[in-house]
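Chain naming follows the written order as A, B and C, and within any one chain the residues start at number 1.
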Amino acid sequence: MHTEVPKNTKTKRPRTKKTLSLKQKEGLQGYIFISPWIIGFLCITAGPLLFSLYGSFTNYDVTSRMDFIGLSNYIKMVTNDDLFWISLGNTIYYVVISVPLTVFGAVLLAVLLNQGIPGLRIFRTIYYLPTVLSGVGVYLLWMQLLNPTTGLVNTMLSWIGIQGPAWLLDPNWTKPALIFMKFWSLGGGMLLYLASLQGVPKSLYEAAEIDGANAFKRFIHITLPMISPVIFFEFVTGIIGGFQVFQEAYVMTDNGDGGPANSLVFFNLHMWDKAFNVFDMGYAMAMSWVLFIIILILTLINLKLAPRWVHYQGGDQK
Amino acid sequence: MSKEANYFQSVKVKKRIKQTIILIVLILGAILILSPVWWMLATSFKSMTEAMQYPPTLWPHKWHFENYIETWKAAPFTRYLLNTIFITFFVVLGNVLANTFIAYGFSKIQFKGRNVLFAIVLATMMIPGFVTMIPQYVVFSKLGWLNTYFPLIVPAFFGNAFFIFLLRQFFMTIPNEMIEAAKIDGGNHFYIWSRIVVPLSKPAIATVAIFSFNGAWNDFLGPLLYVNSEKLYTLQIGLSVFKGQVSTQWNYLMAGSLLVLLPVLVLFFIFQRYFIEGMNITAGTKG
Amino acid sequence: MRFFKKSTVMLVVFLLAMGTLLAACGDSKDEASSGSKKGKTEIEFWSFWGSGTRKPVIEKIVDDFNKSQDKIHVTYKYLPFGDIWTKELASVAAGNPPDVIINDINSVQQRAQKNQSVNLAKYVKNDPDLKDQFYPQLWNTVLYKNDPYAIPFNTDTRVLFYNKDLFKEAGLDPNKPPTTWDELAADAKKLDKKSGSQYTRLGFLPRYGIGPDVWIDNATGVGEWDYKNGKPVINDPKAVQALQWIKDYEANYGSKVINTFQSQFGSEQADPFISGKLGMEMNAATFYTQIRDFGKNMDFGVAPMPEMTSGNGHTSWGGGFVAEIPKGAKHPDASYEFIKFLTSAKEQAYWASKNFDNVANIQGSKDAAKDLSGKAKEVYQLAVENLDQTLITPQPIEAPDYTSLVNPEIDKVMLGKKSPQAALDDAQKAVEKLAKSNK
């Protein structure tokens, strides 16, 4: 295993005079590097996005009409659709609890799995396993595990003397059930932090240890700042993904109807219903742009706050 | 001398205790994580009658090993396996190449409009896929790509917002001084990308590889939408035959799911060597 | 490790790939559509029948059709349930749909209105007696502005299954199933079994196998929507009574007992009737196949759904699927020929008897009953008779997703948060509002 370190070659180039053209040259290289994304964006992504933006101002139903109706969809959403607000509330509940919980849990797990423990690779594989399991089969499996009387979850709870709730049948417990399920698959986040932890210099810990810092202090003052770029990443993408929670609720409720007393009607579930059951695609598109604005604002706030706590070793603080 | 030895002794003991505690916590966690998997495994070996039985059994009365053979024969799974491997290989290749390339541009080169463009990258993640799905389908149809793997593979070569963001976060922890030094030595950005940044980011790139492998391997809606001929179906579509409209063949569904899962786990196990502490060179260079 | 060292090679590969992709990106030639091969019209048929039992049957029917004539060749394709229609919608939008597809009977009118399916009037005109071949309630669902947009394929109906062994054990006459709600409740009580204070068996669960909406259908005889006048009739007094009856029934046991039982079997894997934990169960007639396969020779009977009060009618509820031609299909004439074959008495009887499924064709249904024997015949015959009093509740085009407003209100009643009257009044108002906003 050898990694290459750039060797300082003796010949130093004479500094050129035209700094401006150098800067331009640099800029050009930047565009070359991101060009695959630009091409893909223009060729594949941008069209459908703009189409959906325009569609949100129409009564588009995919097959028979697409007439401009101004802001009607947006007005209807806020004034005449109770499920819109219910779904937004449910989604925010889910995001507010599940995102911090998963981020925190995954950091903790990664730190534990970064110690010199025997059987490390096996542990890591086990904890990553739920992330690999995906698709409808897993949700069906969880429906069984969450069965209040025969399910494994409540059975295990009863071993330690706790009578488990009715989970998917009790409107108060449906969302916690889904959050619990999400927490089960925190292996993905764990993997990211593990990757990030590999970049934390051992010498830092050794120095701190000599200074008498205990494990907790070392974690707060060394580990956390060093992996903060990835925590930031997980936080931002977690919010983006959390707001788009869909398949769990779709599969785990009867015909995707949103569970007892609408407790699992998430934003995207309502949107899906509008788009593919009622074919009110224009309305669904309007909903998606409202969601976009909400996520965008949250992401911008995140980006604004980032310099206060995200530490980039590279030197940039953006 | 003996004092010092004692000190080391006590440090060692302390470390032992700490390790043991961590180990116990991890084992308990692993049991929690694995118990649903046990349920899958047990069900996969049951007869259909036993799988439908109440109350459900935790240990199969009789182990039906032939379930796995039956499952594999229920659809042309060997063919689906090859198809899935083909798609996954190119998706992972595309994602690893394109995203390291693009993320380098967004993190280590200054150019006009960089922040705005990066904001757009993030923004593309924020629009739910449902509403762009149909226009997207029409675009691919106009390109004549339906019933080919192009719609599944090609986008990977144009980068993926999630991975670009992820790699950018990692690249930004690589000291700029290293880049500058290399530049002074006459290295251009391609050189720096391929010789410094990529080798330094192996754990991050391995993560991207694992994630995109996982994504492509488990993709269901993509192949379903864009592939028409049954010959080109993938494993995930194949699994759906066990979940009928009226009833579900639980034992076969679970056996199939476990078979599909296996390659991903093996790969993950192998890829782990990129997650060994101290591999990253930044460790030594900056404190 | 070498992987990363060869990054320059990879770069070349990458640029090459980019190049070809770029070329492809600009190229926008349409795929050559599958035209006529060897003078035959090639058509594609999509459905979600992919399981080991159903796929061979439908493939046999397709094969028979291909052999029965030499002008059209049909290719069958399986796609997963649910997703099949997402794909269809995308393919209609892109202009390359399948030629024939099996779709939900409850949304035919919506698809017709949205121009997603082909008007079959000009074909059906040449077959004046076609419509009489199908059950009228099914044929009604395929009409939009009096034109047919699909041909019914199969259907189902909810009937009462009761365990004769348990009936005998409880001192009930195994040949006299309950016929009214009161009798049902009384029989159920006798079938209950307790061990200490714990119920180990219940006679009946009103919300297992069917939902409160079916009780409402049974009570009112029309359901929640008045299709003739295009308006909701959700808070009908009989509907309120139906909900009250369910509530009272469950209150006898307490929500804890009901929830425990309900939840034990909530995950569609094990069934309480088959496990002997439930004396009677409402379910689709096809439930018979599960009893046959997993019921360990239990002795059971079937009966129509009990009526609210004597003379109110044994109205039951059902759904089903239709065959239709998506808009933009290239060979609608050939597609129609195939649909006609698919829904003809002979093929329907074959489908029905092989799969133990209720079909839309009346003659086909009757013939299938003849092909069956024993218990299967008994159940099937009852199901066929029951079709005459089975309500189909298609999504009204005025408010296609109205159930998303009604069901949460009913949930609230069952959770004890609202009275049946208040909940259904609120639901009625909400649905009226929805219908108005859709105008």
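Rule of thumb we're sticking to: contacts are C-beta pairs under 8 Å (C-beta built on N, C-alpha and C of every residue); 3 or more make two chains touch, one makes a residue touch a chain.
For reference, the UniProt names are A = Spermidine/putrescine ABC transporter permease; B = Sugar ABC transporter permease; C = ABC transporter substrate-binding protein.
Note that the coordinates shown come from a computational prediction; the quantities given were computed from them, not determined experimentally.
Asker: Quick one: label the inter-chain contact graph as line, ring, star, complete or other.
Answerer: The chain contacts form a complete graph, every chain touching every other.
Asker: Taking each chain's centre as the mean of its C-alpha atoms, which one ends up farthest from the centre of chain A?
Answerer: C
Asker: Distance from the CA centroid of chain B to that of chain C, rounded to the nearest Å?
Answerer: 37
Asker: Between chain A and chain B, what distance separates the C-alpha centroids? Give it in angstrom.
Answerer: 14
Asker: What are the residues of chain C that contact at least two other chains?
Answerer: 18, 25, 86, 89, 93, 264, 268-269
Asker: Using the touch rule from the top of the page, what residues of chain A touch 2 or more other chains?
Answerer: In chain A, 1, 36, 39, 43, 62, 140, 144, 150, 276 touch at least two other chains.
Asker: Using the touch definition from the top, which residues of chain B touch two or more other chains?
Answerer: Those would be 54-56, 98, 101, 134, 154, 157-158, 193, 195, 199, 202, 220, 240, 243, 248.
Asker: Which of the residues in chain A end up touching chain B in this complex?
Answerer: It comes out as residues 1, 3-6, 8-9, 11-13, 23, 26-34, 36-41, 43-45, 47-49, 51-52, 55, 62, 109, 112-118, 121, 123-138, 140-142, 144-145, 150, 152, 156, 184, 188, 191-192, 194-204, 207, 226, 229-230, 232-233, 236-237, 240, 244, 246, 268, 271-272, 275-276, 281, 284-285, 288-289, 291-292, 295-296, 299, 312-316, 318.
Asker: Considering only the defined contacts, which chain C positions touch chain A in the complex?
Answerer: 1, 18, 22, 25, 85-86, 89, 92-93, 107, 110, 113-116, 259-260, 262-264, 266-269, 327, 400-401, 403-405, 407-408, 411-412, 415, 417, 430, 433, 437
Asker: Quick one: in the complex, what on chain A touches chain C?
Answerer: 1, 36, 39, 43, 61-64, 76, 80, 82-83, 140, 143-144, 147-151, 166, 168-169, 171, 257-258, 260-262, 265, 273-274, 276-279
Asker: Could you list, by residue number, the parts of chain B that touch chain A in their complex?
Answerer: Residues 19, 22-23, 25-26, 29-30, 32-37, 39-40, 54-56, 98, 101-102, 104-107, 109-112, 114-115, 117, 120-128, 130-132, 134-136, 139, 154-155, 157-159, 162, 164-166, 169-178, 181-182, 184-189, 193, 195-196, 199-200, 202-204, 206-207, 210-211, 214, 218, 220, 236, 239-240, 243, 248, 253-254, 257, 261, 264-265, 268-269, 272, 274-284, 286-287 of chain B touch chain A in their complex.
Asker: Per the contact definition, I'd like the list of chain B residues that touch chain C in the complex.
Answerer: The contact residues of chain B facing chain C are 48-49, 51-56, 74, 94, 97-98, 101, 133-134, 137-138, 141-147, 150, 154, 157-158, 190, 193-195, 198-199, 202, 205, 220-221, 224-225, 228, 230, 237, 240-250.
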